[in-house]
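Handing you this structure, nothing more for now.
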C-alpha cells in the first residue's frame, strides 16, 4: 500500500488499539471491583486449603527431615 | 451393522473380554506366587542399594545442609 | 566401492581424523594457556555472583526454612 | 470505520453461539468442581480451562496450521490443536502418564496377597456390562453408538483416567471429551457412589471380617513383578503391551533403586508437564458440537452404571472367594478392584472402620486397587484389538 | 588429497563471511551483557549462544531436513531448525512461558487497588506511538516497514518478552531476532531509561506522595480474578485469548491451591526447559542477513522511544487520575505500567525512596506492573487481528 | 468363534518368532546387568525395556502412523516410532543430553593443567584404529561394513554415549542399537578392561609418580573456556559444532552463575526426561533383524578393541610427554583420556593407589577425562563431514 494509506492504517490501528486497551481495562476495573465487593460481602474467608504436595514433595520433605534429624542429632552430640 | 449383529458383537466382546481378563489375571496369580516362592527360597534378601542421588540431589542436599548449619549456628547463638 | 578403495578411504580417514584431533586440541592447549595467563594477569578475581534462585528456589528455601524452624523448635522443647 | 466493524466481528458477542456459551459454563463448572469440591483437580482444572478456551469464538485454539503452495507456514495452528495432535492423537500423553503412575505404584500389598488380583479382574465386569448397555441403547434406537463407541464408553468403568483417554483416542475420538470428563468425575464421586452398594451387598458380619496381617515383601520380589508382568503381556496379550509396558517400565524404574533420578522425574516433572497438556488437550474436545447432545447424557448415565456394576462385581467376587478359601477376605476390599487409586481403597477402609473401628483395611484394599489398574489395561487391550480386528 | 581440501572447505576460515563474523561477535556481546552486566541473562545468554551457533558457517544448525523420494529421511535437519519450527513458529514456547509467568504472578496488589489497571492501559501508548513512528520512517522512505512490521516493532514498547516474541512470530518473523533482542535489552535497561523521564515529568511533591496501605486480598478474590479475566477476554477480545488464556490458566493453577504440583512445575521445570529452547530459537533468527541492516538500527531506536513514551504515558495518566480522585496516586508508580515485571516496579520504588526515604512504593507499583502485562497482551491481540484482518 | 481366533492370532504365542524371543531375552539381560551389576543403569535399563517392548509381536511399538486419503490420521503410530523419529533421527536427544553433560562438567582440573588435553587427543586413536579394523573385516569378506558403518563402529572407542548415538544415527542407523549397547556396556566395564593394559604398559616407578598440586582456577577462566572452545570450533571445525556447541552452552550455563535455574534444569529434569526417552528409542533399534547377525558380533569385538587401544594410546602419550617435559605426568591418567567420565578417572586413581597409597590421582585424571569428551566430539565431527563428503 502507498505511504498515505499506510499512515492512515497506522492511525486507525493506533486509535482502535488504544481505544480497545482502555475500554477493556476499564471494564476490567469495574468487573474486578464488583467481584471483590460481592466476594467480601458473601464469601466468608475460609482457611487456605492445605497444600497437597505430590510424591516428589513428600520425598523432598522426607529427605529434608532425614537431614534435619541428622543435624539435630549431630548438634546434640556436640 | 444392524442392531442384532451389534448385539451379537457386543455379547461376544463381553465374553471374550471378561474371559481374557480372568484368564490373564489367574495366570498372573500363579506366576506371581511361584515367583515369590522361588525368590523367598533362593534369594537371600540383601540390604537395599543406597540411593544414588543425581547431581540435582547433591545440589539440594548441599543447599539443605547449608541452611541446616546456618540454622544450627543461629540457634546456638541464641 | 571395492575393498582396496575402502582400505584407502579408511586410511585417509584415520590420518585426517587423528591429525585434526591433535591439531585442534594442540591449538586449544595454546589458546587455553594464553587465555588463563591473560585472565590471571588482568582480571582481578571477583567474589562469585550470588546465585539467583528462581521462584522454585525460593519456594524450596521457604519449605526448608519452615521445616528447620519446626525442627529447632521441637528440639528446644526437648 | 471498517476496522471497528472488523473488531466487532472478531468480538465474542458477535460470534458467540448459544452452544459455545453453554460449553464455557460447563468448563467453569468443571473448574468449580475441581477447586471447591476437590474433584480430581489435577485433571479437571486443566480440562475445564481447555473447555473454556476451545469455545472462545474466533480465537482459533483448534485451528490447523495452513501451508502455502510452497509448503511454508502461511498461518500457524492453535495451541490446543498442536497439543491434541502431538500428545493425544498419538497416544503419547496417556502412555507417559501411565509410566509415571507405574513409578508411583507400590505393588507390595498385591504381592503379599496375590489372590486379590481376582478382585481386580471381577471389577472389570463393569466395563463390559456397560458396553452391552451402550449397545442396547443403540439397538433400541435411543442413541447411536457404534461398537467402537460402546467399547470406549465402557472403559469409563475401568475407573482409570489414562486408560480411558487412551482407548477413547483410538476408538472414539469424538466422544473423548465426554468420556474423560465422566471417568474423572466419577472417580471423584467414588466416596458417594460405592458405599451404598457395598453396604447393600454385604452383611454386618462380613464387613467386620479382620484380615490377617500382610507379610513383608522383599525388594527382589518387587523388582521381579513388573518384569514378570511385562513378559506375560508380551506372550499372551500384545494388544495391552503399550499401556502395561509403559506401566511396568515406570514401576521397574521405581523398584530397581538404581535409576532414582529417572524415577523421581517420571513421578514429578515429567508427569506434571504431561498432565498440564493432557488436561488442556482433553478439554479441547469439549466443543458444543461434540458435547451438547443426547450421546453425552447417555455416556454420563452409562458411566455411573459402569462404576456401580464394577463395585458390585468386586464385592461379590470377594464373597465368592470366601466360599473356597481358608483365609477370609473382607468383601469391602473387593470394591477397590475398580481401581480409582487410591480413592476406592480409602473408601473400603472407611466403610470397614464404620463396622469395626479397629479394622484397618487400607493396605489390604491397595492390592485389589492396583490389580484393578492392570485389569482395566487388559480389558482396554482386548477391546482395541477386537474392535480394530472387525473394523469396529 | 581431496579429503584435506574437503575438510578445509568445511572449515570456518574458508566459509566465514564478514557478516557471519560480525554476528558471532554480536552473539558474544549478548553473552557478555548477560553474564557481566546481568542483562536478562535467562534469555540473553541462550539467545547469544544461538546467535553464535547459527552463524557457524557450514554447521547447518538451521538446515531443514531432506526427505528422499520415498519420503524417508535422507538428511536430518539442524537442531535450531527443529527448535524454531516446533516451538516458535507454532507459538508454543511463548504461550507456555506466558502460562508460567501467570503461575508466578500475584495479582494481590492489583486487586487491592484495581484503579491502577488504568496505568497499565496508559503505558501501552508507547506501543502504538512506536507503530506510528515505524510507519513514519517508512513513509519518509528511510526504512521499509510494512504495517505488520510496524506493529511487531511497536510491541517492544509492551516491555514483555513472550508477548513480543509471540507477536513478531506471527506478524514479522524476519524481524523476530532484532525485536526480541531489543525487547529484552531495554527491559534490562529500564533502571537507566525510566528515572530521568520520571523525574522530568513529576514534581518533588508528587514523588513524595504517600499512598494508603493496601488492604489484604482474600484467597477467593485471587481465584476469581483469573476466571473473570478469562471470561471477559472470551466475550470481548478473542484475538487476545491465546496469550491471556494461558496467562490466566497459569495464575489459576497458582491461586487455586489444589494443583500445587502442577503450579510448581509450570513455574520451574517447564518454564526453564522452554526458556532454554526459546532462547536458542530466537538466537537462530540472528543471521547476518536478517540482522545486519538499517531496519535493525531503526528497531533499536524505535524500541527505546517506545519504552520512553510508555513510561511517560503511565506517569501522566497517574497525574491525570489524581485530578479526579480522592485517594492520591504517586505518579512514579505509573511508570511501572510498561510491565517489565518486576524491574519497573523496583525502579518506581527506588526513585520514590530518593524523594522520601520512608515511602516504600514497591507493592503499590506491582499493581500497574502486572496490569501492564495484561495491557500489552490486549494490544497484541488487537494488532494481530487488525493486521491479519486487512492482510497486513 | 472368529473373535477367539482373532485374539489367538493377536497373542504372542502365535506370532512370536525365535528371533524376537531371543531379543526379549537380550533386553532382559540388559535390565539384569543394569540392576544387579550396575552397568550404566540410567541408559541400559530403559534400553533393555525398549528392546523387550519392540520385540513384542503384534504390539506395533514401531508402527508408523497411517493417514487416510484426506490426510487425516487413520491409525496412530507406536510410541517407540514417535520417540525414535522425533528424538533420535533428528539428533535432538543426544544433543540435549550433551548440553546437560556440559552443565555437569567442571573444566577446573583441565584448565589447571591444559597439557592433559593431549592425552584426550591420543586416546581417540582407539576410534580410528577401530575404523580400520572394521574396514579390514569387510575387506577380508568376513563382514559387510561400509565406510559409514566402520566410522559409526569406531566411535564406540570414544567411550561417550551421546556422541556414539549421534554419530550412529547419522551414519549407520541400522547399527545404532548394537553400537549404543556396546558403548554403554564397555563404559561400565572400564574397571575390568583398563587396569591390565595400564599395568602392562607402565613400570611400578611410573605408576608411583606423584603429580604437583593443581592450582586453583578462577571463575573467569571457567567462564571463558566454553566461549573459547565455541569460537575455535566455529573457526576450525563446523562439523563438530552441533555436539560441542551444545556442550559449551551447557557448561556456560553452569559456570556463568547467572542462570542457575536453567543450569539446574539442564542437569536434572531436562536430562532425565531426555534420558528416559533416549533409552527407549535406542532400545527400539534392538529388533532381531538388526541385532541378531554376525555384524553385531563384529561390533562387540571391535568395541572392546577400540577401548583397549584408546587406553593404551593415552598411557603411551603420557609416557611420551614425560620425555619432553619437566613436570612429570603419571601415565595412569593417560588412560582416562578415553572419557567414560568419571569411571575412567576413578580407575586411574584406583590403580595409582595400588602403587602408592598416598597418591590420589583423581583430580589429575579428571583433566584428560573431560578432554576425552572434547576429543571424541571432534573425531565425530571429522568422520561425519568426511563420510557425508564422499557420500559414504
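A, B, C, D, E and F label the chains in the order they appear, each numbered from 1.
We take it that a contact is a pair of C-beta atoms (placed from the backbone, for glycine too) under 8 Å apart; a residue touches a chain by one contact, two chains touch by 3 or more.
Because the structure is a prediction, the values reported are computed rather than measured.
Summarising the inter-chain layout, the chain whose CA centre lies farthest from the centre of chain C is D.
Across the assembly, the mean Cα position most removed from that of chain E is the one of B. Spacing of chain B relative to chain D, judged by their CA centroids, is 18 angstrom.
Between chain A and chain F, the centres computed from C-alpha atoms are 44 Å apart. If you average the Cα atoms of chain D and of chain E, the two centres end up 39 Å apart. Averaged C-alpha coordinates put the centre of chain A at 35 Å from the centre of chain B. Shared contact sites, meaning residues of chain E that touch two or more other chains, fall at 3, 7, 236-237, 257-258, 261, 264, 268-269, 272, 382, 386, 390.
Shared contact sites, meaning residues of chain B that touch two or more other chains, fall at 13, 16, 20, 54, 56, 60, 64, 68, 71, 75. Taken in their complex, chain A has these residues touching chain E: 1, 3-4, 6-7, 9-11, 13-14, 16-18, 20-22, 24-29, 31-33, 35-36, 39-40, 43, 45-46, 48-49, 51-54, 56-57.
Residues 89-92, 95, 169-170, 223, 227, 230-231, 233-239, 241-242, 245-246, 248-249, 252-253, 256-259, 261-262, 264-266, 269-270, 382, 385-386, 388-390 of chain F are the ones that touch chain E when the two sit in their complex. Within the complex, the chain D residues that touch chain E are 2-3, 6-7, 10-13, 15-16, 24, 28, 31, 34-35, 38, 41-42, 45-46, 49, 52-53, 55-59, 61, 65, 73, 75-79, 82, 268-269, 272-273, 275-276, 280. Within the complex, the chain F residues that touch chain C are 110-111, 114-115, 117-118, 120-121, 124-125, 127-129, 131-132, 135-136, 138-139, 141, 147, 150-151, 217-221, 224-225, 228-229, 232, 236-237, 257-258, 260-261, 371, 374-375, 378-379, 382-383, 386-387, 390.
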